[in-house]
């Protein structure tokens, strides 16, 4: 394992410290319990919080700031945070209009946020929770822990954040977050595994000519290994289940997110974007908004996920609204 | 070699196509000869162009847009572009006030831009050239091709771009670009090599416990291999030669850039930032501006470079000025 | 011979030791069908518990120890196992509230309450390939031993033995809860890490009782 | 027997073939002390030249062929080698402007002009571990052979043999120009890729002359 780290036990705290120092104009860090919060929180708007295991940066700390999250709660690498920092972050951002928890659908995240929400409610905070579960790689949710929350989370956070920023009520912010979750679908592929610092070994094994389809974002293996294929074929393999699921139909306007898993060169993401946009166009689906880059990563994993979000005027307007975070910024 | 590509020969053209499609609001692509240009070029300001081998994305295409570059000319992977597209880009952005070429100091880039500048001048364009050479890993420039241009290039492009955007003359834009180059120093480290698509094999070999100090951005080996060390020790090893070179001194205000080589997880970059900022503070050097992320990459290489730029009021103001590109955006 | 606070604190120490010893094995199990952090999570949690043990009041009863474990696991482990084991110890503490000495009925009640707490939070059923597949047989074996008049030590021995079989029984299963459920058939042949840590904790409980008996 | 346009076009074809054959070797050499693209660059350039060869006018003279090579390399190769080899062929064309048939003096002049063009652009000196270390001895050998009254074929043979020695002579050197200069002592033991492609091109020139002679 080769990493630019000091003691594996300090990876998250040191990274959070560095992040807060580099972006002191936007966020500050609370050290114990550990969370990141907007420098200007609380404000007189609905608060929005997300969190989860570390290793997915810029998710979530990179999305704290004007028009998006008010706080982010990082757990250990690939391990959901405990309730304490979630409660602390929740009370820190509550300006009296309530707080929305955006939670990716993993047992650990759901359970810890659940406990935190109970505790925060006991302290008088009006807390709602939206569970993001956009990953179509997980089928048969009757027989599984349900679909995972993956890169679509970024879209939920941006759009809910914009709704909160314009002054929407907790009910309305929650409703729009749920709407985004209902309209976004994702699926990923890994070319290489990743190495969790405290584990020191790769999360799974792939031969030199193998790729893993349907991976999650925690270095967990996917549903199937297949032989390496040209990028265009891989794009079609991911996009098919995404399109068929909602299903997306001719005439839809969509946002297309090509998300790098952390170690993928940018040229490869744009090669994938190029073909994904064409496949959608061929089906009469118009890509009206795009996002390409490392937004929901798995440490140094090479690979990507595709996400497609069905847009309408409201979602488009909220997407376009100003945002000022470390990782997503426009309009100010 | 595992890459999300189709034919290795089409990597650059397909990536440029995808990039232009994803960022159609900012850039458009010319296919033959291949270059990227602002949708609103030419304008009535001094034009600014950069270019070089592909594989360093977001450099340079990701920096085309308001307040930064007017065009970018991508060569084959790690190969400087030929004069033709440079000439075409130069004439495309010339609004009558002349064009600045920002060129990284590599024999190939220098020679091809030199030829292009001659040809463009012959077509009546007033062309100036600034050669960026910020890499302190290269010593004894008497006995080498001279210092390489590495991540400091981004800072030259941003600040010169802001000067051009506010209406400065070609002389003044050139002067400020030269000033940035004179005041920025960089040095990099690789934990892993990278694989050029058409080569199919790693650019150098490192044992599991080895890192390469002083690497360039073209997958070329560095000056020395050393044993893997804690991040803080590596940071000190890079920062020492940087500080001693200008030298930076107590009381200086600086911009600190921690640049990922493409495959480095974000947590690692922030761990490095944390310690770099402390080392500078211990020397009385104040970090007043920061940039952390993948800005000048070597495909999927894991590693980073540190750059330190001495700031004054003028450079700070130009750094803070609005910019709207795919990879760097604030203020609009 | 009933079990008192000393047994409870011994159990904590033994748990912390056995989890630390098996940290890498638990990580490896979790890497195969999960995300590779289970050993690290449990080790972080029990190290934290260990560090707090000295802070217990002199007149602490077993329920106080169990509650300390519960709150510390909840606030340091994270992941799925933090809230699940945390709830388990919390419910276990509730089952023996106020009792300074635990008899066979109390020991069996601890295990049952712990299991029920996990089911309450995690909604797993038998055969879902989770820690519940170790807890269920452990609770049944403890109840059966208690019904047969077994000693506290014998009850815990029975539970630990059954938990070991239960943990092994997860190997051929497809998972329906937790991260392993995303793998479908590829989870077959791998042991559930949470079931493995359950057996380690219950074995530590029995070993601590044996030490108490032999003193 | 002088050399005409047919020799020149044969040389281009032979160059393209030998560069394609040695593409991987040139990449490997460049990966060791450069950035691993030299074989790809040269192959891209000469494939492009080859594709344009049929477009030559019927009355083309050798200088036209050399100029086609020059402009095509400049506009397709990029990197350091594109402008350097491009300038070499451009200056070579200039040295034999207007001549339909090339005698020994012309052949020697081509090589000298090419070398001088590379020095003009790249400023490399002997011993800098660049292509110049193959060109310099080639030019000297050609001049010496010509002074001794050698035939065109013999001049090119002498140049090719000297270039081969020159390319080999780069192996023990530390580089002072090009990317290899960043490596310091670590460049020792590796052959300069541009010197290697120089020898391949000059060998192709001699081989084409031999074929012309044997027809």
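Lettered A, B, C and D in written order, each chain numbered from 1.
FYI, contacts are C-beta pairs under 8 Å (C-beta built on N, C-alpha and C of every residue); 3 or more make two chains touch, one makes a residue touch a chain.
For reference, the UniProt names are A, B = phosphoenolpyruvate--glycerone phosphotransferase; C, D = Dihydroxyacetone kinase subunit L.
Because the structure is predicted, anything quoted here is derived from the model rather than measured.
Visitor: Tell me, which chains sit next to both chain B and chain D?
Guide: Per touch definition, common to chain B and chain D: zero chains.
Visitor: Report the inter-chain centroid distance for chain A and chain C in whole angstrom, where each centroid is the mean of the CA atoms.
Guide: About 33 Å separates the centre of chain A from that of chain C.
Visitor: Averaging only over C-alpha atoms, locate the centres of chain C and chain D and give their separation in whole Å.
Guide: 76
Visitor: As a quick test, compute the distance in whole Å between the mean CA positions of chain A and chain D.
Guide: Comparing mean C-alpha positions, chain D is 55 Å from chain A.
Visitor: As a quick test, compute the distance in whole Å between the mean CA positions of chain A and chain B.
Guide: The separation of the two C-alpha centroids amounts to 29 Å.
Visitor: Name the residues of chain A that each touch 2 or more other chains.
Guide: 77
Visitor: What pattern do the touching chains form: line, ring, star, complete or other?
Guide: Contact pattern: an open line, chains touching in sequence.
Visitor: Under the stated touch criterion, can you name all the chain pairs that qualify?
Guide: A-B, A-C, B-D
Visitor: Inside the complex, what are the residues of chain B that reach chain A?
Guide: Chain B reaches chain A through residues 2-7, 11-12, 14-19, 21-23, 54-55, 57-58, 62, 77, 191-192, 208-209, 211, 228, 230-232, 234, 258, 262-275, 277, 290, 292, 294, 297, 299-300, 302-304, 324, 329-332.
Visitor: Within the complex, which stretch of chain A touches chain C?
Guide: Against chain C, the touching part of chain A is residues 53, 75-84, 106-108, 111-112, 114-115, 137-138, 143-145, 148, 196, 198-199, 201, 203-204, 214, 216, 218-223.
Visitor: Over in the complex, which chain D residues touch chain B? Could you list them?
Guide: It is residues 27, 31, 33-37, 40-41, 44, 74-84, 121-122, 174-179, 181-184, 186 of chain D that touch chain B.
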